[in-house]
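Lettered A, B and C in written order, each chain numbered from 1.
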């Protein structure tokens, strides 16, 4: 698998609230590549969808959600920073952004009270957003970079798009910071296409029960408990697929799945994603085998579900 | 009053996410008993409603919500358990369930860090759910069992169903674990039947202000503050009914009422339920007088509202 | 500017759940004054809107939200009080209300465990609500009173109404206590009028970055992060307006804007409001210059957006 696309995705500045950069990148990518896809999708975007992007292939029965936004920081007053989502914060992390005076490349500082600041040669505009500078590392076994969560989930969707015949791919916004787009996206998928099943293409955590190189994680629950009959059906299909996977059970953590559960539509959902180390830091790390298994599992499930 | 039905309801394994067992039980029960009811309801269930079940009697003006799910535990990794909802956890509590190897009857263990484990002769499948073993106790004055919350609320609805002429009974899911069905149930009750009033048939707490044997509790507020003009109307009706009741005022606690308040429909709601001791434990305890008063109050209010 | 209207608004007892008093006051006010307004609005209210009130002027493109409710206290058992929203509580604060025995004027007591009680010559009905007694103070520079949050936001809307040609003004409920009306209000504004833009007319905090007399605060984010392209557009307009304003960036705090973000409609929103000292106390304090700038900014933005 060629990871240049993933590298590009990881370096795009698109914290929650500013996903239009990712949307524009994806629109360009789709325009350039879709001629080689098995089916050319119908695209939905524009003000009615804020900065979200929806691809509809054939006659969809299931939707895949991948959030485009990342965690980051907003400049407050003086040299203070406030978090966007839940970033890992350590003194020395490299940050980037842009304000009215031009591009920014600065350093993060964390004091003993866990307050965050930037260190830069000049003041930065109030409200400007900063994200991690991307240091993309590829070894024989691992990919390491900021923002694998969730540019890898987006990457997975673009791999899936190449051969997908029937299905929806939904690129959502705000996942890292309280949500806000899933409700109207759910409304669209149900009211326009009658689709009631969703897979969440996102990244999870390496834990004592979910390990590197043992396959994509199928989550039976996190903070939310999805309908277990749907999870069971997914698990049975996964078992038949002969693609490596591991089952995840957690009491915390959430995703676009949790937001789907709260919409006024009876939508079943299941989180399926590769596990990573060093969550929400510049050094997120995923095993290539798990990426491979994630892509294969989505291709299999989207044809079977 | 005959409590054999309540005993059966309390012993059904249906934690949040697996309510289909309760739904199936209720469908059987209704089939068998509705010939003796004053009005035969129209039933709504199936994939469009996930595992929920709706009974519509005559021309409904008000809906009664009773959640079918219970608290419990999910098996994580090794012998670890994570909670479903907020179960009381003490070493020695008896748990039951089932996995691919067969039925499970095991014991709960809680360590000093309040982490929960199971003790059983074999490993249990990852993701399997466990609930309290039912030890149903009836004395002259009290009923004691696990899961009076909310099988007693369900029982109340089945008593109400015998004589109900106009109204909806809605058996909901996920109440104990963050909700998720009330939004689409509200959509149905409003858009299909134009119903904007709801009573929440659920169980509350014995406190310094709400006591055993003093009647069903009518809650003026909990964590959520319902519209007080609706509460005042309910209270006036209750006063006229000559049925014993007590007023509850709390700063915490929530129910399907709180979820109703967040839907995109202007629905008024009031929580009305018997108070219990030993909340979310295997030893939940309710006074028979309060059950009697709960059933009578619902019959009265559903004819008057 | 004449602040007698604001004084009247601040003295109305309308905690979350009992906003009908404010709605009735506003209906009277509108009836009496709208003949002098540039455009006479269409009014929406009644059971379909619970206690909310909507004014539609001409062909609306943008809606202004102002919540009518205030923080306060509910009488629990004995002489205990539980909070409605997040009131500042100090021993000696004067409270008022009414119950079945008549009007109430009593005193707040706070013990070392931060529990709250009332001190009054008689017991008060369970569930009765109490709010701060209004001591309205006007100096050359400042207005000081309880409930500037958010009667000043309401006042701002009534100033705006005098000259508004195209727009909606939405008086909402429950903002201080978990929300509940914004979802159905959003449904109405989108489905009936196709309006997807909202300004939040509410009060914010004086902080190290937002100061008295430096103009109305335009919030770039609080606990929620609104879509930054909309915020940027507002900021550009504000810059062109030559009306004083200051930019706010916070990690906490929320408003009807946060509730709008969670609705199933793609609505852009921006919080714009004067900053105050002594938040949620009887001594909320706002600079007159900031009130002036708030009113002017709304008039300008509502004609430009």
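Basically, a residue touches a chain if its C-beta (ideal position, glycine included) is under 8 Å from a C-beta of that chain, and two chains touch if they have at least 3 such contacts.
Source: prediction; values computed, not measured.
A complete topology is adopted by the chain contact network, contact being made between every pair of chains. Taking CA atoms, the transformation carrying chain A onto chain B includes a rotation by 120°, reported to the nearest 5. Here chain B and chain C face each other with different sets of residues for the most part; under half of the interface numbers are shared between them.
Centre to centre, using the average C-alpha position, chain B and chain C are separated by 36 Å. The set of chain A residues touching two or more other chains comprises 263-264. Across the complex, chain B meets chain A through its residues 16-18, 20, 47-51, 74-78, 82-84, 126-127, 129, 174, 177-181, 183-184, 186-187, 263-264. Considering their complex, residues 196, 207-209, 220-221, 223-229, 231, 247, 249-251, 258, 261-266, 268 of chain A touch chain B.
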